[in-house]
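Chain IDs A, B, C, D and E follow the sequence of writing; residue 1 opens each chain.
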């Protein structure tokens, strides 16, 4: 019962080091390495469409991981993540344009700049809790969005701003095939960073603050520092994601970073599984592929007889939107704890197979 | 200083604010009894307004008949929604439930667009005279009607929560669903009731706004607009929702005043309430009337 | 018993009209087991909250280890070496038992959000493992090895209490505050718990302040007992002395003298 | 009362060989059968994690909200089968649970909490019953603030008082004496006894304080690791060597001191 | 040479601009289908796909990439300002002509000649006068109107619109020109893109005594503005951009919309023009009855598609239908009107260094009287091709 932990059955470790790894078993670790190695070969196999999807997954995934650190691990809801994502995009473009800082440096710098902004807006977190805080971040969303439209010097105002492609050692990452590697590297790096964060001191402090902030404080955790810091780190991730997005697209428009985007990030995190790093990635993949899959479904529907009546054809766009809403609803009804949880249950099931308990 | 403009803006703010207050109350009602932050609140307005519009335009019903019928429909709608979608979520993590309401909002927004199109439509004229002059400001009669309705609804809400055992049950459910169940409270019933009421009252607001500005998918934006109002007042305070709503209404208009007269920043009308919200929360972390969480260990 | 590690001077605390504590003073000698008993609502937990920093008393001072800590934040007091457990369990429900206990090491560790994520490329790994080793010792000591990877929230009540104790011990405290450590336990578990408390007091030299309603335990393992009633200090003394006090008997134990020994089991 | 006599009396509550699984994988109860005859007090003892609270939650239908499920066996209350019913139906049929850890509604006042207890009733004697609760627990009357600020003992009293407000046929109490001062433990058990005697309310009592529990009860079960390992009448259990040693303290006549315990474990004979 | 070529079509039929997006998209879609059904590009089949990207930039980019890599797209019909601008550098790099419905002025400078231009847009084309130029035309009209009404003093001009790229696109350019023409330019009034209660803003307009208001938004918010301002009782002459005025707006606004000024680039559905025959044929592609009246945005979509078609035909004869050749094809003709659309599409001139295809604005005035929409032409303006207006 209680000793029934989520670990493979016959798995013995002889040192704490082995016990402290990110991956539960050697097999899984090897598997992860093989997947990454295979991923490196993707540009030679997949066409740009798939690469674009992957690149989307990567920059959104990085930002979503940041949100999960804030929402899932520290327990503070943010409705302003889209705006922070946008801030990172503009900040990186701005630093590159205005100060001529090379792009590959601008990206981390944008991360830190966004972190600063995130912490500024996270300041109320020291005093405000729960949904009140969520709405305070909603305010941040609108205030920052308004700022994008207003601050010509920073964002180019309504005209938007240009972002140079990344170049490193004379290599310009301006095609999908090339950018793919940047995206892959960034994704892997930021995910490992996240995994490590969560298994070290500050990561634990975040979770402690989420689970029981009063006792966390008594255990020596500086409450306000960590509440603020989690905003900082989550914005840092958002900033990095945003900056990648900017230099991938080559152009940043003030229009893109709406409350809808923030909500989408939340959906990714919740569907993936709050407080799960692996889950975040699953959620992002889900949310990126869903519209694409539905697009395919819509195509199939048009081909059928009943699908070809005018009411349906004219409404396909709405049917698609409705389907996205519906899938989210159904998904959460049947899997309210997210994909990560389902994954865990499947694993457990097989672990004990054929004994169900 | 242009006092006339200022006065007119303030009156305008009061009246629009009252409407925010009514929508905010529904929001609070759902929150108070289910802990759910309802992101589909705006869609209640939307669906209600479209249904009423359809009854009036297609079936040519007299206004008050169509209006009451759409309210009845919305009560059923709220209950059904709760039964089909939210009931299975009872006991699940609150944030997942909130996400479900976001999904609902996407769903109904697209559904209404599909059925009714993206073009705004006007209601048939209800009053002979569309507007009335107060302090030199013309105010739509529909708004005055809504003021009366709002006041009635507010008193009703107050009595309900203070004196009926259902009010108690709702509060208990909000505090801890498991405990509520153990006391014999049917969590499902409580949920159904609060969603039904919220949908009905919101639809009232939807119809009123629709009469003034036309019905279109943007009605649902009111759902976002009441967030600052509700938070300002305190998430779980009915009185707070009203005060918050009126405050936000007046604030918007004051922001417009100072912006247009002095600052010329542009967009202050929409954005200023959020600045003020941040400032107020800094000093009153639970809004003006929200109850503090009990922090005992 | 040497000089007091904790000195509480004339603490008063009120919540609105409720006077939780009135003018309470006492001293806890270094290395002792000091019990606080008293009827429900007497202000015992409030007293612990004042010591650990959760409540700020309206009046009075608290000295710990020669320092005035009255105005310090809870986390700073943890740094100084005050650990505690809670009456209504306050574990980090979704964390594993191991992580719960590792949080106790928080103030002793140095790696942060920049060095931690660089795990292998920074001293973080070494530090984590070193602390892990010490935590495992505590886990061993408290006999919770078998649940160390379980999620704390799913454990049974008694185990959770033990994990709380482990977490408090992980702080390396000089003073540990225990709020009803035996509540909800059966005899066997109480015995275990009593043994742990004695051991951590004797072997690790940690001073213990304990609130407990089980008179058997209180009498057997404490060096001194203080009785609170309606927020006021009634008496401090050796366990036997306190039990003899007429007022205590009536207001708290509700027993005749002979019953005490018998009932306590 | 003999065991035979008990068995013949038609039980008010009958649990038949139930198994409970949490989260689809964690099995906690492995075939538990318990009978509670009308008008009696039955106690359920057992170490931490044995599954006592789980048993109670299975009875009151609250398992579902914790991702738990009764996968085998059935539970009857009177003539109804209740393991398929919703918690509120169960309460309405007269079975009330006082949950572990008090669980009062912290942001309501004492009176409001009591009124909540009477939620399923529609008569107008509620105010009389509030007075009755105040007679049992006089100190609650003085607490007018929010219940969240009551001390632990006061909260426990409120929880029991709230159960009385429902005028149930049967109350399941989960560790009512936890965290109470000796005087109050005594009081609470006295009140439990009084309620049982005066109002004839049947009780299923989960307790750690075996001394009191067995004294109050007519019959007892011992649950370990999800199985009933022993049951019997009060006398039988009080005289059982193992029960004495592991639950009551002092198998022999001498009471051991907590200070000088041996750290070896003795084997229980029923294992 | 090729059997078929692929054209991608991005449309917003469900997003925030669907109010007109659907209408315009139908025009493009029907045209492409019509072209295909009638011999394609001189025998080359015109394959196309319409994707509703709901005005979301990332979705637009993903669709673009998909078409580019999988379908070998040679040209694209696009929609909004945000996505078109996001695609500028992609289409430039991929040599992919993009015909958008974003008339943002800074898409008109293909070589970055004007120092104000942020980013040259060599592969972007649109049919119609830019937002800036239409606004200039309206301002010119306003200046004449002011004189004609015999008013004295400086007329006051106000830009009204959301703080978004699309309404903002002509803001600075138009204000500069208004000042040139002797207007007093008031601080802009911001109203959201969504319909709402704009009484506060109308009170501002009223108290500032603004005479001419340029509306940069579309559809619903225009309606709300007109309604709110009527309630408040402003005395302002509204002039909207091309998306803000059409029959549907008047019908939805009902009584109360008065002397509302807006520009067009094509005739209306009920107008008679030689080219309208073809337009009606095109319309039958999705409405076989041919009865459904189409808004003028639809017809603009038709023009956009047929200009592209003729450039493709040229390309086919001059080295094959590739993006690069289509671009060249756009520069070949002067005063170019697609065949069969005479009197429908205005004569256009795209040049390698100047993508201001059309510099003409037709200005209309609309009214709603007892269930009847009355629209009359009030003026036609031809804008100078000033070099400092290129890309601005």
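Note that in this section contacts are C-beta pairs under 8 Å (C-beta built on N, C-alpha and C of every residue); 3 or more make two chains touch, one makes a residue touch a chain.
If you want to know which protein each chain is, UniProt gives these names: A, B = Branched-chain amino acid ABC transporter permease; C, D = ABC transporter ATP-binding protein.
Since we're looking at a predicted model, the values are computed, not measured.
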* To do: Any chance you could name the chains that touch chain B and chain C both?
  => A, D
* Asked: Which chain maximises the distance between its CA centroid and that of chain A?
  -> D
* Asked: Most central chain by CA mean?
  -> A
* **Interchain centroid distance [CA atoms averaged], chain A/chain D, Å** => 47
* **chain C and chain D: spacing of chain centres that average the CA atoms, whole Å** => 28
* To do: Give, as an integer number of Å, the spacing between the C-alpha centres of chain E and chain C.
  => 74
* Which whole number of Å gives the spacing of the CA centres of chain A and chain B? -> 32
* Asked: What residues in chain C touch two or more of the other chains?
  -> 54, 86-88, 90, 154-156, 159
* Asked: Going by the touch rule set out above, which residues of chain B reach two or more other chains?
  -> 110, 113, 266-267, 270, 297
* Set of chain D residues in contact with two or more other chains -> 26, 49, 149
* **Footprint of chain D on chain B - complex, ascending** => 90-91, 165, 168-169, 171-172, 175-179, 181-187, 291, 294, 296
* Asked: Across the complex, what residues on chain A touch chain C?
  -> 2-7, 16-17, 19-20, 192-194, 196-197, 199-205, 207-208, 210-212, 214-223, 229, 233, 275
* Structure fact -> The answer for chain E against chain B in the complex is residues 14, 18-19, 22, 163, 187-190, 192, 194-197, 199-201, 203-204, 207-208, 219-221, 223-224, 227-228, 231-233, 248, 252-254
* To do: Spell out the residues on chain B that touch chain E in their complex, using ranges where they run on.
  => 2, 4-5, 8-9, 12-13, 16, 110, 113, 118-122, 130-131, 137-140, 209, 212-214, 216, 218, 221, 252-253, 256-257, 260, 264, 266-270
* Tell me, which parts of chain C touch chain A in their complex? -> 52-54, 73-75, 77-79, 83-84, 86, 90-96, 99, 102-107, 109-113, 116-119, 124-125, 128-129, 132-133, 136, 146-147, 149-150, 154-156, 159, 167, 171
